[in-house]
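Before anything else, here is the set of structures, which you'll find just below.
Next come two complexes, and both contain chain A; in the first it sits with chain B, in the second with chain C.
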Partner chain A sequence: MLPYGDVGLFMTQDDAPAAKRASPTTGVDVRSSIRRDSNRRTVLAALPAAPLLIFLLLFMVIPLGSILHTSLSDGEIDKALPRTTHALSAWDGEDLPPPAVYMMLGRELEAASSAGSLRPLGRRVGYELSRGMQIILDGHRGLSGDFDRADPQGWKAELIKAEPAWGQRGIWSVIKRHNGRYSAFYFRWATGIPVKIDADGRSSLETAYEFRSIYLRTILISLIVTGLTIVIGYPVAYVIANSSGGMAAVLLFFILLPFWTSLLVRTMSWIVFLQTNGVLNNALAGMGLRSEPLSLLYTRMATIIAMIQIQLPFTVLPMISVMRAIPVNQVKAARSLGAGPLLAHATIFLPQAIPGVAAGGLLTFVLCLGFYLTPALVGGPSDQMVSFFIARFTNEELNWGLASALSVVLIVAAGIVALPLARHVARHSSDRI
Partner chain B sequence: MSRRVYSEFPAYIRIPLYAFVGIALLLLMLPLAVALPISINADPWFTYPFRAISLRWFTQLFSSPLWTGAMVNSLVIAVSTTAVATILGTLAAIGLVNPRFPFRAAVMALAISPMIVPVVVLGLGLFIFFSPLGLNYSFAGVVIAHTILASPFVVITVTATLTRFDFSLMRAAAGLGAGRVTAFRTVMLPIIAPGVAAGAIFAFASSFDEVVMVLFIAGPQQRTVPKQMFTGLREQLDPTILAAAAVMILLTSCLMAVAYNANRKR
Partner chain C sequence: MLRASFFKRSWLVGLILAAGAFPATADGLTVVSWGGALQEAQAKTFFDPYAKMKNITVTQDTWSGELAKLRAMVDSGNVAWDVIDVDPQTGATACDQGLLEKIGSDTAFKSAGLVDGALTDCAVGTSVYATILAFQKQAFPKAPTRLTDIFDTTNFPGKRGFRKSPVDTLELALIADGVATADVYATLATAEGVDRAFKKLDTIKKDIVWWEAGAQPPQLLKSGEVKMALAWNGRIADANAKENADLGIAWTNQIRGFDMWVIPSGSKNMERAKDFVAFTVKPDVNAALSNHIAYGPTVKAASDLVAKDVLPNLPSAPENSEAALAQDGAFWAKNSDTLNARFASWISQ
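Entry: the complex of A and B
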């Protein structure tokens, strides 16, 4: 890959033939000494990269692992109600559990309350059961009254009196299902499988987030942006790749300037440009074209336009570097053999430019899949993509399990798309400078 | 230069092609070109033409403790990030250009992956990882997060510089009795310095502009300029934000110009 041979910073003193320094007596010794020396050189070669690799391992790979762990961790119910979940494993799920289980649950709710794990339990139950938090808290509150604590029937009556949902199957089936520390619950939720039930145990009609349509929307917006950046970027890359020195530098500068301008500032400029009393609407009104301002901001259109502007350099730069390597003479030869200009381009130039188009397109698509900032600021509520919901579940709803499961889905999807890209990115990413 | 393939195209294709490219490049610049001058509009409207020009938004920017505090935070975080990312990235690049490096392609992909992995996912991962360590809502946490995002820029830039470095110079230095560290300090570093400087500048710019990690990791004590702008854009857009943007653009374009020149000279 690199133009020079076996040289490097940490090889300078090792280039004397290894055999000379090894014991001259036996061949075996020499061979093992060479191997040892070669191992030593490999270690020395890798040594300078070690700090960054350790850093990335510690602060990127392990955190990504903890996302996976969080997405599978689901221990709140079992932690707060260990004996109840165990006892419920014998329950058939049809009728109500026996009064002894009510008593066990009641005692565990009281223990959970004094251990401070009642609210986490309520939150977790609430993910799966409508009004789950309230059912847990009301049930616990109902136990503070005066009743015969030795009689299981008393516990049952108090719980159902405080919250009728304890007399239905829903809450019990949720508790029964979570008798372990790990489950695929957050993944089922994040892949759009209906997880919420009502107190009567039936599937809840209440649908909070339609993750499948969010994924579809993410893919759709990314595809549209990628397609349009290729359509716009291809001619731009072609002209830049085929311009001579000064002209190419100027054109490249126009591509790179927004590229190196703050992403936030570019997004802000779209807001200023498109908002209701913004520049574009005022210009239109000033020209007498429009009396009513157009609502351009917080629309799908604004999201896509702003994303195109921000992604275009990523698409164009790999294209340019591939196009620059295409021999000019081949197109000339095709022309001299009678092909028209467009035919010559389509049959000679375009096929050779495809790797650049693919690399630019893939890079853009992968970056679009995870795009957060611009859609969050420029798009409306119905234009938000997966990243937005990851941020929202992390920072606002504090549902880290779901945020993690969404992240895993996003990473896996982006990884599948990005895999063929990795080598190419490594090779061409220096072009952006 | 004889690479004028487009001259192979007849005028009826060439002229629309040029026009298309020209318009596309102009549209790329249009929102910025239109938005930034509004920072010197005396009136708090986002419209043209201006009735008067004034620097009142800049005055407001530099007199507001919220903004000046954010600027100090941004500078502290960006400078620390630059220092860490430049050292880690330069060393890694030196290792990675060595053909002997084991699993070089895979390691290079790992080193560059923070550019591709969605920032919200990195932010969530660090947030979860940091909570038991107490690094959330701390300067150290933000610097670590930014270093992850900034180091690929250094690795890429320095690797590109090193591919043009003549490694026989290192042998020559060794032949003259220099140890590895001396050879690195007196021979390699001065030659690759422009590339390292460019990498450092990109690292600085990426940290100075970063907001998503800050949203995840930082607390009110680590409020940066981008965070302040983000909040303003979400709640109430006022021209002070445009003044802040203008200052940011000015700073980063000065730095970029330095980086560009450093890279051209090498």
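Entry: the complex of A and C
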């Protein structure tokens, strides 16, 4: 490990009173100058990694930070209606707000309209309140002419006439709640806490996306794919690790083949293979095995099969590299001491291969969590994973706050699963390096 | 001397203006439609003749009614589209949300002699299409006769295609569940009605393959992926005529809609856009579309100009019109946010 942490420590010593530095004969300073020297060397030694660190900063840390920022930003309401949200902080939420607030709101709606923030305001309100956009737009449309007049009752009547929802508590409680630029609103939404309210301000029963079940589905599919790639990949890795020459090369070639074709092409070929009049069904019918074609495309099974094919190399390659390092003589010794082939494998080989299995499985699991293209093309609507919804909210519904919150939750969830395993893998594989 | 330099400069200014004007397509028009057979027909009937007549470039783009794209353009004030083809519900929803210019009150369109429902606040109808039931003729011993047969998995087993949208889908579910055509929208306006529609859809959910673009259903039917599908009639007629698809059409319970032109708020070519829309509702131009795709005219005076041999393929033919339902744009404008959210959540479960 590089002692980055120490850099700061020594820097502060450097700033120590000038008197100390002025007397080079004291032992303290000799030691500190030696340390400073070794410190400089450490920094120099880290220099070759600088491009990587800069790259990570630019293309990972900063984008992640901005995603986190987007997921917490929630300032549309406060930005468009700053004085109304302020005035509502004194409102008890029981009856309707006083007419003076209606007047303030009317004027701010007009100001928002000329500033172009009326539609973003309407959309944001709509996330929490059904018909939010119409309530805002109709309210603004119903306002007549003179925006300077001081006639609170008149403003109130006008707004309620234009849109009856202004005479109910729901819209007001939404405005009141958002008197700041940041909130956990999108995180509540992304983690499946009901966020919608009805016109009266009660929690709405309106069906919304069930993100919890979508996360569960994502994790479940990833676990199945990981498990199956390990089951399929382990014997293959064993054979490749223990054979030499032609056989190993041929097997390795088949494992690596998917790496050399585009993801899209591979997924499309699954469509050709699995569709109703596709290769598989025609073959089954030709052999007289099935009269009715199997419905395989747009199912979860198709999704899992295609994902296994794509992920197999990621699981197998780490296993091979770990298995190759296991001394063959140890298994032979166990056999010569009387252990059967299975017992020798289970007690001598397998424990040493586990770090490879864990590394491959971990890689596959984390990559699976983020799958988008394959389920979108060969899966049905109920097989879509979290990434599909992130893409949907980013590109189609333009709800970037929710898309960002979904991403952050996914990253955190993957981190919680992956970190302990990754540390385990790192500890074991460092023995071998 | 002075004069010469002035000329030089004005020449330069002209060049700069011309260069600046180019990307803004001040001398062109960007038209957006739904791709495939429909857009090809529109290009032959509307875009190309108009471009030739005015000596301008008509640029084409395609979409599938995804309002978010339009919303993003209008919100950012960077509107790249001038004229857009919408169905009644998309038009009414976008109009209600302030995304469109209110061109419906223009005298040019009021006096064009459009059929009932083809002119709304923001939209001008140019053709009549229908959502129908298309099927593989050899798939069933007894051919389906009405759209609601798509809910009958006993007589018509196998996968079926639906458009991935609550529009038309929920209406049809209610009709299949026994609601009279005239009461469909009143029923769908109630919470119980919506529940009823989704409950009906639940019965066939596992057999549904969802499509998004109008060109997909003929493709899904031809490849055998589905045995029957809700589709737009012109796309099926086109596949039969040009690709030897031999697909059957059941017309009873057809859900009729208009292809309508709308102009987004803040279009950079407003006058030209309106001029183009007016061009498409001239009776002879309007009637000509039916020669290229099986959609009917919206201008009353155009009905007589349609070639006799295409009449039986149009949604408006009397023998095709039994129990027809007209898509109610105003209903969807009011309810599309709620129903879209519920549909998206239902479909992902």
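We take it that the second predicted complex is superposed on the first by the 348 of 433 C-alpha atoms of A that agree within 3 Å, B and C clash if a C-alpha of one lies under 4 Å from a C-alpha of the other, contacts with A are read in each partner's own complex, and residues count from 1 in each chain.
Operating definition for what follows: contacts are C-beta pairs under 8 Å (C-beta built on N, C-alpha and C of every residue); 3 or more make two chains touch, one makes a residue touch a chain.
Just so it is clear, the model here is predicted, and its values are computed rather than measured.
In the superposition on chain A, A:331 contacts chain B only, with no contact to chain C.
In the overlay built on the shared chain, the residue A:39 is in contact with neither chain B nor chain C. Number of chain A residues touched is higher for B, counting chain B against chain C. When both complexes are overlaid on chain A, the residue A:203 reaches neither chain B nor chain C. In the overlay built on the shared chain, the residue A:275 is in contact with chain B and with chain C. Touch criterion met: A:396 reaches chain C, while chain B stays clear of it. Judged by the touch definition given at the top, the superposed model places A:236 against chain B, while chain C stays out of reach. Where the contact sets of chain A with chain B and with chain C meet, they give residues 275, 277, 395. Contacts from chain C toward chain A in the complex involve residues 66, 68, 71-72, 74-75, 77, 96-98, 159, 164, 209-210, 223-225, 334, 337-338, 341-342, 344-349.
Taken together, the chain A residues at the contact with chain C in this complex read 116, 119-120, 122, 126, 130-131, 133-134, 137, 206-210, 213-214, 275-277, 293, 295, 297-298, 380-382, 384, 389, 395-398. Those residues of chain B whose C-beta lies close enough to touch chain A in the complex are 1-6, 8-10, 13, 17-18, 20-21, 24-25, 27-32, 34-36, 38, 45-48, 87-89, 91-92, 94-102, 105, 107-129, 144-145, 147-148, 151-152, 155-157, 159-160, 163, 166-168, 170-171, 173-174, 180, 183-184, 188, 198, 202, 205, 208-209, 211-212, 215-216, 226, 229-230, 233-234, 237, 241-242, 245, 248-249, 252-253, 256, 259, 263.
Across the complex, chain B is touched by residues 1-13, 15, 41-42, 45-53, 55-56, 59-60, 62-64, 66-67, 70, 232, 235-236, 238-239, 242, 244-245, 251, 254-255, 257-258, 260-273, 275, 277-279, 282-283, 309, 312, 328, 331-332, 335, 341-342, 344-345, 349, 363, 366-367, 369-373, 377, 387, 390-391, 394-395, 400, 403-404, 407, 410-411, 414, 418, 421-423, 425-426, 429-430, 432-433 of chain A.
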